[in-house]
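Got a structure for you, written out below as C-alpha cells; questions coming shortly.
Labels A, B and C are assigned to the chains in the order they are written; within every chain, residues are numbered from 1.
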Amino acid sequence: MNAPSITTAGQTQAVTRAFDLGAALKDSLKTALIMLGLSIPILAYKTDQSGADLFLTPRWGLVAIICAIVFGMRLVLHAFTASRAYRQATPSSHQATEPVHAEPSAFQHVSKFAIPFFLGVALCFPVIIYLIQGGLNESRYWVDLGILILTYVMLGWGLNIVVGLAGLLDLGYVAFYAVGAYSYALLSTTFGLSFWICLPLAGILAAFWGMILGFPVLRLRGDYLAIVTLAFGEIVRLVLINWVDLTNGGAGISSIPRATFFGIPFTAGEGGFAQTFGLEFNGMHRIIFLYYLILVLALITNFVTMRLRKLPVGRAWEALREDEIACRSLGINTTNTKLTAFAIGAMFGGFAGSFFAVRQGFVSPESFNFLESAIILAIVVLGGMGSQIGVAIAAIVLVGGPEILRNLTFLQAIFGSGFDPNEYRLLLFGAGMVAMMVWRPRGLISEREPSVILKERKAISGSLVKEGHG
Amino acid sequence: MEIFVQQLINGLTLGSIYGLIAIGYTMVFGIIGMVNFAHGDVFMLSAFIALIFFLILTTWLGISSVVLALFFVLIIAMVLTSLWGWAIERIAYRPLRGSFRLAPLISAIGVSIFLSNFVQVAQGARNKPTPPMVQDVIVLFQGESGYNVALSYKQIIIMVVTAVLLSIFWYVVQKTSLGRAQRACEQDRKMAALLGINVDRTISLTFVIGASLAAVAGTMYLLYYGVVSFNDGFVPGVKAFTAAVLGGIGSLPGAVLGGLIIGLIETFWSAYFSIEYKDVAAFSILAIVLIFMPSGILGRPEVEKV
Amino acid sequence: MRWLQDPILDVQHLTMRFGGLVAVNDLSFQAGRGDITALIGPNGAGKTTVFNCITGFYKPSEGMVALRKPDGSHLLLERLPGYDINWKGKVARTFQNIRLFSGMTVLENLLVAQHNPLMIASGFTFLGILGIGGYRKAEKEAIEKAKYWLEKARLMHRADDPAGDLPYGDQRRLEIARAMCTDPLLLCLDEPAAGLNPRESLELNELLLSIRKDNGTSILLIEHDMSVVMQISDHVVVLDYGTKISDGAPVEVRNDPKVIAAYLGVADEEVEKVEAEIGA
C-alpha cells in the first residue's frame, strides 16, 4: 500500500486515528462479562461421577483465565479494526481508478503457480518425506496423512460436482462413501472379487444409489434439500447398524482383502511385491502404493470434472445453479440434469469409499456419520464452490490443520500433563467453520472460470455467481 | 388397550418436549429463513445447565423441595441459555446476514459441532445421570392382565409447564409490539427497517426466545429421562425440526402440533414395531414430510413465481 | 387475417384457475405464422399467465394450446412436459424480470441455449468425456451460431463478460438472443421493452423485425409500451380480467371502445353509450 498523500491523511486523521481506548476497554469488559455468563455453570463446575452419584468440582480459575483471554482478544480486535478503518479511510491513489476486472483475480494468481506446484508436491510427496525423515518406516505417519488428505480432496471434488456446479446442497454425501466402502467390503469378502473389479462396481452402485436418493428430492430447494439429504445419510448409517445379517451391524466388517499391485500381493514371501521387484520387504511399499492409488483416483476425478464443465451437461449444471426456470424454458430436462449430477457425484464418492475400505481393511458404520458429511461440505464451501484448486487447498487446511494439534505437546508444559490437545480437535474444527464463514463466506477462491472463451479470458467475480436453489 | 393409553400419555409428554424445541426452529426459519442447525445442541446445553444447577441447589444450598428447586433451575436455565442463544446469533449468524445463502447454514453446522464438543470437553464424554427427582406416579386404572396405566407426576409437571409457558409465549408473540415487529420482519425485513423497526434486535430476541424455550425443553428432558450426554442434541434436534416442518414451518401452533404428532409416532412405533428402527422412522418421516408436504399441516403453500 | 388462415399457434378455450381465482377465462385466439402478435391488457389482466400456459410453466385448467408446424401437423403444447415445449415444440420465451445465467459469460449463456443438439453431439456425455465423436465440431458450430446472434444483438464486444455485468438494455437483448439460439418457430417475449429508454426501444423494434424477416420466426409478445405494439405488430389481442375483449389489426383495436374503456377505466354503462354513439 502506498503512503497516503498528505491531504487525505490530514482530513481523516482526526476521525479514525484516534483509537478510543476508554470505549474499547469498556466494550472488552462487556464481552468478558458475557463470556462469564456463558461459562456459568458449564465451565465453572464440572460434573464428576462417583458410583451412582454426581458431584461438582468448581473450576473458577479456568473461567477467570478464559474471561481474561476473551477480554484481551476483544481489545486486540478493537485496536486492529481501528487501524484497518484508518487504512480504508485513506485510500491509496491507484485504488479509486481501478476498474473492477482489471486486477488479476485470486483465481489467476493461484492457478498460475499453485496448480503445477501442488501437482509436483503431490507426485513427489513420498520421496520428499522419505528424504526428510530419512527412512521408509519413519515416514509412515506423513504418508498416511497424505493419503487421508487426498481422500478428502477426492471426496471434496466429487461433492463439488453436486454442490459447486449443480448448486444442489447435499448434506448426506457420506452415504455414497459408505455405499462404496460396503460394496467393496461385501463383494470381496463374500465373492472374493478383487479390488480392481470391485472399484468400478462400487462406483456404479453408488451412482445407482445417488439416483435413487436423488429422485425423490428433485423438487426440493435450499435448506430443505440439505435436511432431506442429511436424513438419507443418517438412514443409510442406521440401516448399516441395524441390518446385522448383511453388514454385521455396529461391529463392522473386518479382514477385508488388502490391495494388490495389479495382482501381486504386498507380502513378504514368495511371489510378493518385494520379491518380484527384487526389493527388500517393507510394509511401507503397500502404503506408498495406496498413496499413489488415491492420487490417481483423485486426479481422475479432477480430470473428469474439468472435462464435464466444458461439455453440455456441465454447462447445464451451472445454468441450473444460476436459474432453474430459465433452464426449463431453454429445453433443458432439469430432472435428468440434476440426476446426472447426483449420480456422477455419488460415483466418485463410491470410488473413494472402496479405496477407504481397501486401505483400512475394516469398515464400520461409525466411519460414515454426519460429521463426515459436514467436513466434506465444509471443504467444498470453504474452497469456494466450483473451484477445483480451492477445494484441494481447503482439504489440506481442514484435514491437515487439526493434525497439527497432535504435535502441540509443548502445551502440556503449560496446562499440565493431563492436557491432550487432540481432544480439542473437533471443538476447534467447529469454531473454525464459523470463523471461516464469517471471514470468507464465499470461500477461498470465489471467482468462477468461464468454460469457454471467444477472445479473452476473464474470471467472473464471485458476487455474480449464484449458489443455486438447492 | 392399556398399552395404548400408556403410550398415548408417554407420547404426549415426549411431544411437548419436541414442540418446545420445534418453536425455536420455526421462529428462526420464519424470520430469517435459515435452519438453525445448532438449536438441538442449544437444547442439550440447556439440559447440562439445568443439571448442574439442580446439583448446586440440592446438594450445596440444601433446598429439599424438589419442585422449588426445579422452579429455580428452570428460571436459571432459561436465562443462561438465552444468553447462549443471543451470543450464537451475534457471533455466528449476524455477520453473515445478507451474504451468500449457504454461509449461515455452514456456520450453524459449525456451531453445532462446536457446542457438542465444547460440552464434551468441559463435562466429559460420559452419560450424566441426575439424582432421582420426582418419582411418584398416579395409577389411573389397572388392566386385567395386571398392566397398570400410570401417569407420573413428572409427566404432569412437563405437560403443565409446557402449557403455561406456551400460553405466555403465545401472548408475547400475538399481543406485544415485539410480536408485531417479528411478523413485520418475517414479511419484509428491509421495509420493516425503513419503518423504524430495529431488525437486529428483533432477530436477536427471536433467538433468545427460541433458546429459552429450548431451555424449558432441556430441563423437562432431564426431569423425564434423568440422564443427559453431550451428543443428545442431534437426534432430538432433528425430530423437533421434523415437527416444525410437519406442522408447517413458520407456524407456531403448527410447531406444537407437529411436536405432539412426532412424539406420538415415536412412542407408538417403539411400542408396536421395533425400537431399533425408531430413529430410522424419525428420519424417514422427516424425508417424507419434506418431500410430499413441504408446507406442512398449518403452513402456507409456496407458489412458484415465473 | 393471416392468423385465421395460417395460424402457428391456436389457443382454444384456455382457462386457468388458481384455487378460486380465475386468472384466464375461456380465452381463444390465434397467432399467425410470420406475424408479430401482441397480447396487451391492463395490469393483472392475465397476460403472463397465458404465456406461462403456452410455454409450459403452468398446466392449463381447461382448454388446448396447439402449435401448427410448417408441415401442417399439430402439437398440443399443454400435453408436453415443460422442457419439451422448447425442444420439441420449438417455442422459446423470455421473462418479464430477466432471467439470465448471470454468473456465466454471455457466450456461455448462448451455448446453454443449444444444450439439446450439443448433448446429442457429445453422445449424451459418454462420447464427449472420452473425446471421441463429433463434439468438437458441433461445439465450433454452436459458437458460430452464438456469434451470429451476438452480432445481431450487438453484444460481440461483451462475449466474454459475465451476463450479470451487462447493462439492462443489453441484458434484454441477450435474453432474446439466447432464446433465438434454440431455433424457435415461435418466440414469446414477456414485456421486452420494459425499462428501456426510447432509443433502446427503437433498436429492439429493429431487432424483432429483423428476426422475423431473416429467420422467419413468428413472435408473440406482451407489451405495455404502445409505441412498440402499434409500430411492429400485425395483430393485437386485448385481455382484461382474463377474458378477451378485442382482437384484430392494431388500427381496429386502437379504436375499439371496449379497449379504451378497459385502459381508461370507464364504467360499463358508458361503454354501451360509446358503443351506441359510434354505432357498433
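Throughout what follows, a contact is a pair of C-beta atoms (placed from the backbone, for glycine too) under 8 Å apart; a residue touches a chain by one contact, two chains touch by 3 or more.
Since this is a predicted model, take the numbers as computed values, not measurements.
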{"item": "Maximum centroid distance from subunit B, chain identifier (CA atoms)", "value": "C"}
{"item": "Leading chain pair when contacts are tallied as C-beta pairs", "value": "A-B"}
{"item": "Chain centre separation in whole Å, for subunit C relative to subunit B (CA means)", "value": "50"}
{"item": "Whole-Å gap between the CA centroids of subunit A and subunit C", "value": "45"}
{"item": "Centroid distance [mean C-alpha coordinates] between subunit B and subunit A, Å", "value": "30"}
{"item": "Contacts with two or more other chains, residues of subunit B listed in rising order", "value": "304, 306"}
{"item": "Sequence positions of subunit A contacting 2 or more other chains", "value": "325"}
{"item": "Subunit C, residues touching no fewer than two other chains", "value": "57, 95"}
{"item": "Residues of subunit A that touch subunit B when the two form their complex", "value": "34, 37-38, 40-43, 45-49, 52-56, 169, 216-217, 219-220, 222-224, 226-228, 230-232, 234-235, 238-239, 242, 325, 370-371, 374, 377-378, 381, 385, 423-424, 426-427, 429-434, 437-438, 441-442, 467"}
{"item": "Subunit A-touching residues of subunit C, taken from the complex the two chains share", "value": "55-57, 81-87, 92-93, 95, 99-105, 107-108, 111-116, 118-119, 122, 125, 128-129, 135, 139, 143, 147, 159-162, 164-165, 178-179, 182"}
{"item": "Residues of subunit B touching subunit A in the complex", "value": "29, 33-35, 45, 48-49, 51-53, 55-56, 59-60, 80, 83-84, 87, 91-92, 95-96, 99-107, 109-115, 117-124, 126, 128-131, 234, 238, 241, 245, 276-277, 279-280, 283-284, 286-287, 290-291, 294, 304, 306"}
{"item": "Of subunit A, residues touching subunit C in the complex", "value": "304, 307-308, 311-313, 315-316, 318-319, 321-323, 325-334, 340, 448, 450-458, 460-461, 464-466"}
